[in-house]
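Structure incoming, see below.
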Amino acid sequence: MSPSDRIPPGVWNAIDYERLAPQAMDAGRHAYVAGGCGWDATVAANRAAFAGWAVLPRLLRDVRAGHTRLQLAGMDLPHPLLLAPVAHQRLAHPDAEIATARAAQATGSCLVASTLSSCTLEDIAAASGPARWFQLYLQPEREHSLDLLRRAEAAGYRAIVLTLDASIQLASRGALQAGFAMPADCVSANLARYPQPAPAQPAAGESRIFQGAMRHAPRWDDLRWLLASTRLPVWIKGVLHPEDARELQAAGAAGLIVSNHGGRSLDGAPASLRMLPALRTAVGAGYPLLLDGGVRSGQDAFKALALGADAVLVGRLQVYALAVAGALGVAHMLQMLVEELHACMAQAGCARLSDITHDTLTPSC
Amino acid sequence: MSPSDRIPPGVWNAIDYERLAPQAMDAGRHAYVAGGCGWDATVAANRAAFAGWAVLPRLLRDVRAGHTRLQLAGMDLPHPLLLAPVAHQRLAHPDAEIATARAAQATGSCLVASTLSSCTLEDIAAASGPARWFQLYLQPEREHSLDLLRRAEAAGYRAIVLTLDASIQLASRGALQAGFAMPADCVSANLARYPQPAPAQPAAGESRIFQGAMRHAPRWDDLRWLLASTRLPVWIKGVLHPEDARELQAAGAAGLIVSNHGGRSLDGAPASLRMLPALRTAVGAGYPLLLDGGVRSGQDAFKALALGADAVLVGRLQVYALAVAGALGVAHMLQMLVEELHACMAQAGCARLSDITHDTLTPSC
Amino acid sequence: MSPSDRIPPGVWNAIDYERLAPQAMDAGRHAYVAGGCGWDATVAANRAAFAGWAVLPRLLRDVRAGHTRLQLAGMDLPHPLLLAPVAHQRLAHPDAEIATARAAQATGSCLVASTLSSCTLEDIAAASGPARWFQLYLQPEREHSLDLLRRAEAAGYRAIVLTLDASIQLASRGALQAGFAMPADCVSANLARYPQPAPAQPAAGESRIFQGAMRHAPRWDDLRWLLASTRLPVWIKGVLHPEDARELQAAGAAGLIVSNHGGRSLDGAPASLRMLPALRTAVGAGYPLLLDGGVRSGQDAFKALALGADAVLVGRLQVYALAVAGALGVAHMLQMLVEELHACMAQAGCARLSDITHDTLTPSC
Amino acid sequence: MSPSDRIPPGVWNAIDYERLAPQAMDAGRHAYVAGGCGWDATVAANRAAFAGWAVLPRLLRDVRAGHTRLQLAGMDLPHPLLLAPVAHQRLAHPDAEIATARAAQATGSCLVASTLSSCTLEDIAAASGPARWFQLYLQPEREHSLDLLRRAEAAGYRAIVLTLDASIQLASRGALQAGFAMPADCVSANLARYPQPAPAQPAAGESRIFQGAMRHAPRWDDLRWLLASTRLPVWIKGVLHPEDARELQAAGAAGLIVSNHGGRSLDGAPASLRMLPALRTAVGAGYPLLLDGGVRSGQDAFKALALGADAVLVGRLQVYALAVAGALGVAHMLQMLVEELHACMAQAGCARLSDITHDTLTPSC
């Protein structure tokens, strides 16, 4: 833990870490983290979607035995707030993902480590608690993907999160205008051992997208190969279309993460919260469904659960808290989110996560 | 009455007291009164809800015999504008609730004195007219609650208003940023005699909310105890959910106050005016239903009555008027609200409060 | 015509007179004219209502024989744009209503002279064309109203417009803040001969509205008396409620003017354009229905006709043009409105006013 | 190509040419190009309409063989982005339409040359590729229109685009305020040989619109004459009403361009994208339908295709790119639009334009 890792004054809510982050990060790095892609329309949509719902307080409910414990993919978790897979955390703090892992362990939170982490999945595993998943980007070479799988299994990760919506990630104009460039010391430690093939060069007249970026995009046979290659449950991240949800469920995915990659994939994709009810309807009541995208408070988490999620993942707020106060900041941010969720549940008369049903909400206007 | 208690120039409408209050109050105190909790989203929603409706003028109606008299809980009132229970009025004026009580008496308005008043309920009763209710926060010890009940009965209060939505009240970020702290001289005079138990300290791993703040939150048996403990009619304040309304009505509540505590309980709760029609439908036509939250004009009161309320309570405007011009200010504010209601009724062709039906309104866009 | 009456540069559209008016009027007078009452919410709503509709262009329609001539209350008018009754025009120009009358005559427009005009109805009649109506405010004494009727009949006015929505007109806060007071030279010339009774003083405890301002408010027997007292067709101005429209039609009104008095009566009344379709449905297809409130362009007039009006009245724009360039300004403003209407009709494929049906519009978003 | 024709730094998206154009154009010329007519309400509506839709990403689709090739009016085109007919391109660049034609050829794009081009249709044809259409404004004299037809046929244009919504084009207030006047060197080279008749002067009392501007407006017999006068397919540009679409289809139009002339004809007309679905329903699935109005990105083009267009035309962005970097700029802009379309298609799981169906979109809020 860095000497600077202290909770600064004025952190009254978890979202305050977003307000304080610009003071703790170089402008270019902050623009890269805060930005989505293009004009950040989907980043804004993710936030606006939460404001579209109001929470209905309930009276005289006995919530003294209230708690937020849940069972998720065989794990007993104290609360439904997972740390989303976020790449390159050295952008935010010298200790990078090790600090985040420590915070996860300290708060019993489930950590999802990123393929593109600054620290190796092994070091992250060593610093985190038992509740850890590994987010996988399929590599151009299947043997590299297989190696990552085996390393994750060996390091005790309890599930694989396969991200499928990142084949194309156009830069955020904010980051471009801030002149951001990935610092030399921010390498993907997990991939250092795998020789990266030269990017696919489309022939003359061919598309840099279809015959370029999409050449190595994951396809159904890749998913089937992955499912057959590991005993770990495989979750799919990046789902927004009800048909995709049904097909992935039928293919054997352990669960889905409703997500638009924090607005970093397709600027103009709908808010994840907006698509959540349709996806819940598509996969039915019992199937595990998580959400990320715009979660900045316990009340946001409450709304996502009310609209059909079993739990939510926190992305940017994790990086902001890491930048502001390292592991302590991330732990404090998580603890504030949990307490905000408790307050919202208590005022809505919910003692259990299962009490958080759709009728706890009403459109806010 | 303080020498400074004069109506300042430029008070053309009751809401002008809100505009003038910052000049009459210390910034921190004003931020505490003006703020709700968190980002004041529900404070704003309360106001916006009124702007969503337009009043339909009517022509050639004979309103010369018009008036706003009503029967409410056995009281003959000249108008449907009650002074909401507001705590700690010494924040606004040295005379605190005594000045407000005098204004209530001068205008025949029903005053609802707060458990957390700066002056004792006895002194307030002595300064107010016959139309006075006592707002009760159940105390951690039932004997203290019982003692408050007996004192209220003895002091001639004609109803008890049990507030049920204040178990958790997170600070308004505006007040936090203004560095507000409750001044030493602002004590809850009614509770001075009751030894306050140390706040519930949850054990390690327990929730500061569920096993802390909610440990003494009122539950159904508390309500049943209260109803059985006093001959006074008991109203419930803080109702927003139709099911709660039906259950409280069935339990024997004398009436309900549709309220989100002026946005001071759950930031993100819906506007009270938005939930009013559903609650009126839930309890049926004859059952007494009041509203507070965002009332700043006689036309606001008109809209609340049209959407199902029998009367409204005025909260913040009461404190602002008290701060600007003491008892005279509160009386003047009430008189302006009443006259604004008369003007709106007259232009809408309503000679009686009973004429103010839903079809006097139309959505404003 | 004053020497200053020249069309200034930069008047490309009729609404430019609104933009230029502040330079041609004293700030208080402009605030009085521009203001509605209270916060001018209905003034803004009137304008916003027009922006809610888009006009659908049509192709290949033969409009070479297009025109905007219409029959209205026995008058052959060149276009459906009437000059609304506007009081105290000396506020805008030394020539006051005489200049407006000249402009009406020059453009063949129907002028509606106000009871509260700065010039007498006789002088206005002398300066205007044959298409002139007289707007009547019933006076506290019926004999004064009768005298006004007889004078209007004698001066060749062809219809009476009875304004029923002005019993209560609270000041516009803009005018109050600008410190506006009616100048001494701005007297209602028509009423000089009638001793004005002292304003009704309500007894103690009585309402300044119900037993004060509304004591002399027009009632049904006043309307029946008026209808029986003149051979002139009597139009009713200030109608917004479908039931009022049906009742007035049944009572024998010659036609109705859908209006909220330019937002000067009840701040919070709906936009007149918003209520127009419901009123057209209430009175049926053949019954004469006009509209005022927010008309600033020929396209606004087109939209009002498409939504059910037979013609529209122009209020504030008339005063602004008068202030900027006297009679010439008013005539130029009217001519621009007419040409804007022609252009909109031509592009919507409408050669006749009767072609302007509801399906020429579509909601703009 | 001018020495200055270089792609400036900071052009990350096609729309950046709109941002950079003010630095490359005289203020008056830019105001003329950027402006629509009146208050540019429809210009804004065109843009807002695209923001009303979100694109639904799809997962695991195999788009490696993706492309945007299409057949349009007998032409094999590499992508569905046509260069809209834009008049007076010498306003933007000394090489005017010749530069644009070169860019079209370089990118295989279909160019639609304007009747009012600064260069002759013959010179434009010589500089462009085979995919070129000629936009025709019917001339007051039919022989001039016929001559233009024959010249277009002779110069190898492959279709005629008859613009029908430009009989009335009121100035944009922005251009008026910027004091724009058409420079002397910006003449319509195609029309130099035809003596232009004096503008129709309506008689006294006649309308400058109906009996003036609309005297030579195209009517059905003009269309029938045109269809019978050329073997080239005739498209109609400026269609917004479903009935017009059906009638034009029945009359033999080869296809329609849903358009409000970039907001330059009727300020207050609906956004073209808003009317597209109704027009597609009106003409049925197989009939060629294009759209212009507000297209600033590949994703905009994607949305138009999803809502029923077969291809889109790019207007202002063409002129901005021409002004900033001449032919190179236009080519670069087109290539960026195409690549943005590829990216959007790939992320939405669309390998073919035919995959871009309505259910790839969802309302964005």
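Should a chain be cited, it is by its letter among A, B, C and D, assigned in written order, with residues numbered from 1 in that chain.
Keep in mind that, in the parts below, a residue touches a chain if its C-beta (ideal position, glycine included) is under 8 Å from a C-beta of that chain, and two chains touch if they have at least 3 such contacts.
Everything numeric in this text was worked out from a predicted model, so none of it was measured.
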{"item": "Partner chains that subunit A and subunit D have in common", "value": "none"}
{"item": "Same-site or different-site touching of subunit C by its copy subunit D, using the half cut", "value": "different"}
{"item": "Copies subunit B and subunit C - rotation angle from C-alpha fit, nearest 5 degrees", "value": "90"}
{"item": "Mean-CA-position distance for subunit D and subunit C (Å)", "value": "43"}
{"item": "Distance between chain centroids, defined by C-alpha means - subunit B, subunit D (Å)", "value": "60"}
{"item": "Touching two or more other chains - residues of subunit C", "value": "none"}
{"item": "Which pairs of chains touch, using the document's own definition", "value": "A-B, A-D, B-C, C-D"}
{"item": "For the subunit A and subunit B complex, residues of the former touching the latter", "value": "10, 12-13, 51, 54-67, 299, 339, 342-348, 351, 362, 364-365"}
{"item": "Footprint of subunit C on subunit D - complex, ascending", "value": "38, 41-42, 45, 48, 52, 164-165, 167-168, 170-171, 173, 176-177, 207-211, 213-215, 217-220, 222-223, 236, 238-241, 243-244, 247-248, 260, 265-271, 274-275"}
